[in-house]
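As written, the chain order gives the labels A, B, C and D, with residue 1 at the start of each chain.
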Amino acid sequence: MFFASDNSGPAHPSVMNAVMRANEGFRFGYGADEEMARVTTMVRDLFEAPEAAVYLAATGTAANSIALATLTKPWETIFCTKPSHINEDECNAPEFYSGAKLTLVGDDNCKMTAATLRTALDAEETRGVHGPQRGPVSITQVTEKGTVYTLDEIKAVTGIAREFGVSTHLDGARFANAIVTLGCTPAEMTWKAGVDCVSFGGTKNGLMGVEAVIFFDPKHAWEFELRRKRGGHLFSKHRYLSAQMEAYLTDNLWHELATSANTSGKRLADGLRAHNDVSFPNEPEANLMFFEMPRGLHKKVQAAGAQYYVMGSLDGNDDEPVLGRLVCDWSVGSDGVDAFLAALNA
Amino acid sequence: MFFASDNSGPAHPSVMNAVMRANEGFRFGYGADEEMARVTTMVRDLFEAPEAAVYLAATGTAANSIALATLTKPWETIFCTKPSHINEDECNAPEFYSGAKLTLVGDDNCKMTAATLRTALDAEETRGVHGPQRGPVSITQVTEKGTVYTLDEIKAVTGIAREFGVSTHLDGARFANAIVTLGCTPAEMTWKAGVDCVSFGGTKNGLMGVEAVIFFDPKHAWEFELRRKRGGHLFSKHRYLSAQMEAYLTDNLWHELATSANTSGKRLADGLRAHNDVSFPNEPEANLMFFEMPRGLHKKVQAAGAQYYVMGSLDGNDDEPVLGRLVCDWSVGSDGVDAFLAALNA
Amino acid sequence: MFFASDNSGPAHPSVMNAVMRANEGFRFGYGADEEMARVTTMVRDLFEAPEAAVYLAATGTAANSIALATLTKPWETIFCTKPSHINEDECNAPEFYSGAKLTLVGDDNCKMTAATLRTALDAEETRGVHGPQRGPVSITQVTEKGTVYTLDEIKAVTGIAREFGVSTHLDGARFANAIVTLGCTPAEMTWKAGVDCVSFGGTKNGLMGVEAVIFFDPKHAWEFELRRKRGGHLFSKHRYLSAQMEAYLTDNLWHELATSANTSGKRLADGLRAHNDVSFPNEPEANLMFFEMPRGLHKKVQAAGAQYYVMGSLDGNDDEPVLGRLVCDWSVGSDGVDAFLAALNA
Amino acid sequence: MFFASDNSGPAHPSVMNAVMRANEGFRFGYGADEEMARVTTMVRDLFEAPEAAVYLAATGTAANSIALATLTKPWETIFCTKPSHINEDECNAPEFYSGAKLTLVGDDNCKMTAATLRTALDAEETRGVHGPQRGPVSITQVTEKGTVYTLDEIKAVTGIAREFGVSTHLDGARFANAIVTLGCTPAEMTWKAGVDCVSFGGTKNGLMGVEAVIFFDPKHAWEFELRRKRGGHLFSKHRYLSAQMEAYLTDNLWHELATSANTSGKRLADGLRAHNDVSFPNEPEANLMFFEMPRGLHKKVQAAGAQYYVMGSLDGNDDEPVLGRLVCDWSVGSDGVDAFLAALNA
């Protein structure tokens, strides 16, 4: 009953085996390993992007920050939502790498829209050299609130970005989960929808710790490489990153694991929805969800051994509701979900 | 009829004369001039702060950014309002100097309150190492919208800041105008109200270009000096800055000039208020004001030669209102104001 | 015959097995895993430093840069040698993380001495606020040229550092190899010799990719944590780093692997030394060495399949000597060395 | 007898008068003043560069650092000499603004040569992504040691820079003095000799505090403007900078003042050279010079009231020589020089 995060469970055995297999003999370092050559081809094939520049980073914060820094000038501002990971959970890493600032689009909702983005972009209009200049737009898919942009919603956002001459980055920490929800292809959710750069996450979906950064326009390649090295994120024994990503891309493992996580997410959401005292601030659309329940109910579930993240104060009266977050990883399975629901309904 | 900004008018003759007088013989550079020794004493006397560290900078952006960087760690976030100069008009200078980010408090209003500040500070509570850490609070007095914090409002804000263990910076680009409005002393509006550091502006109030940065706790002194030098803001021929500030502090010139500007501001506001078609989004409290008027009326006034800043689109139908800003500097005087009002009422 | 780098060989099987074992069930992330709790204790025991702050990073550049940034102010300068890794091989990462600059001590030699360090520190003496201020000293052990500081040499350097009031960092990418050469304890080579902070390398000595950063004064702990997160170097699935380091510290594996590498190094150096046409710019003291040989000889060895790094131009006349670098990792063994020597002497 | 620095004397009366004249009425701020329009034309005419981008900054450190940041990427290294102002006297400002590092060319000499520059550029050749990348070359003219690059020497340096594909910046804090020494035109000493960007100094030559930054290729213009603003170096009351520069360029005042300073410098150098106990480490070629004299002689001259900068320890035995620096500004004149020489020869 561990629902605190999808980065708390184990890596998939196929991934571990691939890492073990990669541990043979000598390899050239720093990305010149043979595994990486195969990964590059596999990513390009998967995204139908034969020219794309493909790189690996070991953490999501590194992937996001170095990618954004490559797209941004230090006097620009990056447009994102308030709850976005780059705003709230990266301890100023995007600002550190880019030298730029963040402008928050819309309100507390996790999705920006064409309208809220246009308003934010417009607001920078008349200040000339005085204000921050318009920089890239960054959206997160699956959003931090557990919702999923439709393809039309992405296109609406990227359309506004292009109208203002800025690029779009997609933080895909849960990229695979969104693909499963939408039933579309990686190309459809990215460059075909106007996205210029994507962090294709693996860490939250069964890897030990690897994200791919993909630039559909390879002109950014060398700058990204230099920024990655300058950030200390170029691995000498790069093969262990490559091997994870190769296993992830083999036989659609990435899709299979996200399907498992989303199936658990749906089973969990359905069970919660059936309980009279539980409500969702946002309708769950993938493998994570926010819920509200009476504190007494929360205490009962926690006492039964369920682990999850609670927002705000941990103390409080029993009649004050609790806002919590549940995340299903690929490994939690129906047994884990059912155990939780049994505790809830006990 | 020049109301575009209070940095567009001339410097006061006393200031120019002081600069001329300072241009004699040789002086030690970099702040070791005899004028600066006197300025330090005068500022300490004026602020009733005999231990304060006092420095000069030539621009308001430099004064704010270097002061804030001295108070902030790169992994922190600075709390300010959305319309604050440091957020909208300094092209990322605060982020550049501090390495930190800005968190916007409240909505579009220029004043933060104890309540909105508490909400913003609370929101950083549970993220541990992941989120930005709480850094200083920065308020602007006179605010960018032309309103003035009362002493109680300042104390309420600094009280919350102290409760959370962070310091308070006051951007006093129009410090003197606020003092005139409130009828209080510099000490009352700063350290007696809980402010730790202040940019004491001169540029918008009759100097060629000088702001004093004052730390009431001198432990920050050496770090500020190093940051100022590293930013290229330490002047070799520092005497010309000192001379301006010395003239400003002599015979209460700073207060006299702000009184003149505020008097013009009140005369202008009264005249506008008397016109049926003009309204104020905020009640003007010092020497600058935002107004709304029909576009046709705006065109008439501009055609008569009035210069001021217009927000948003410069085109539009005559029935769409215009949001504009008027600022009275020390030199515009009643003639300038009356000319404007005559054009308005013609 | 792979001597290009000690980051090109496999990780030790015990390390891989530990990583596999760690891949079970759910763990709290971001360093709160149970493996890390054990690692902290083991490192403190090994270094006889019960108060030390202990952290992991996945790359040597990250370990060095974040550690140095924690010890340095942005207006300071870090004292290191010209061939040091932080100067030549980290693409400005130390400057990026610290905001400071590097001052090169001595000439091209990899060891600084009390005399050359004093000269460099003295040279910053009279500039006041104008010049960079004195920051920490950083030495590399084993040096980048394959030599090893004696304990007395380290003490001489740290003694000068303390005299000038600055701290000392030790880049221990090959820490274990130096311990084996000197036959001393980790405590003797670090805090007992005046070192304040050490990067305790594992990546070049049989791990997949982990370095421990150790501050003997724990006051630096929280700042390091924040800097690590801000740099994107805090791993969510931290257990895989911890597991590697735990295996490294179990049954003295770290020492055993370095002993193996150094033994190979000595065997290789002895074989080279016995060849009339080979010379050493520096006497090899651990597991890496620079050599000079005629280009014809180099070509013969390379044609036989030996891989190693060649400095400068890869073209050239047969009568121009080649300067190359050979590194023995823990796995190359006597067979690998003998194969090389056979090719050399063929 | 004030020879400590050429930034210690007064500004020229024509400059002060121009500033007074500029203090009339209202002006648009931030460089949109009419004076600046004239300055741009005058600078372009003077440098025979009708397309050049021309900007003003108030300090030499700002001019150098922002110009270099505009020419440099954060992963590059700037090539300069060890005694260069950007290395020794700007408290990390060039690194702060650019994010890059500095590579020192040659030894302690103030002039780099084609040979020493080639060696330094070559040394970055084989490290790929690991080492700093080659960035711009920066030379100082007049050098910090009081020598002057000949046109051929400049061309030799810029020729190497172009061969390696990097640009050349010229720190012209004493630009005018070098022009007087060489008897050439500004164009000949800059773009005709291969220089891409120049800081055209005024502060050390009779202004209160203004340097012009000139990019011969205007593509850098907008980036420079943004970087200047982001650094807090865009003046709202810009007219006071423009007025100084306009006076400087009117009737060749810049050339006249430098001629005066150089004439004093020659008179002083001749007088020193005639003294048996004084020697020059470098032959003086403009208005500043380093000298060595017995401590006893130094004490006698200082006791007579002469002020100048002494390197290293201020204490010492009378038989230890003193290394000092003398600088003649435009205003010191033959009387000042003769007073010094009288004290020396008393």
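Some points to look at:
In this section, a contact is a pair of C-beta atoms (placed from the backbone, for glycine too) under 8 Å apart; a residue touches a chain by one contact, two chains touch by 3 or more.
Here the structure is a predicted model, which is why all the values come from computation and not from measurement.
In summary, the chains found to touch both chain A and chain C are B, D. Chain pairs A-D and B-D differ in how many C-beta pairs are in contact, and the one with more is B-D.
Using CA-based centroids throughout, the chain positioned farthest away from chain D is A.
Taking each chain's centre as the mean of its C-alpha atoms, chain C lies 41 Å from chain D.
Once the centre of each chain is set as its mean CA position, chain A and chain D turn out to be 51 Å apart. A straight line joining the Cα centres of chain B and chain D is 34 Å long.
Listed for chain D are residues 74-75, 90-92, 96, 99, 129-130, 133, 226, 229-230, 234, each touching two or more other chains.
Across the complex, chain A is touched by residues 30, 73-75, 99, 129-130, 133, 223, 225-227, 229-230, 234 of chain D. By the touch criterion stated above, chain B contacts chain A in their complex at residues 74-77, 88-92, 95-96, 99-102, 104, 125-127, 129-133, 311-312. Across the complex, chain B meets chain D through its residues 2, 4-5, 7-11, 16, 19-20, 23-29, 57-63, 65-66, 90-93, 96-97, 203-204, 208-209, 226, 229-237, 240, 307.
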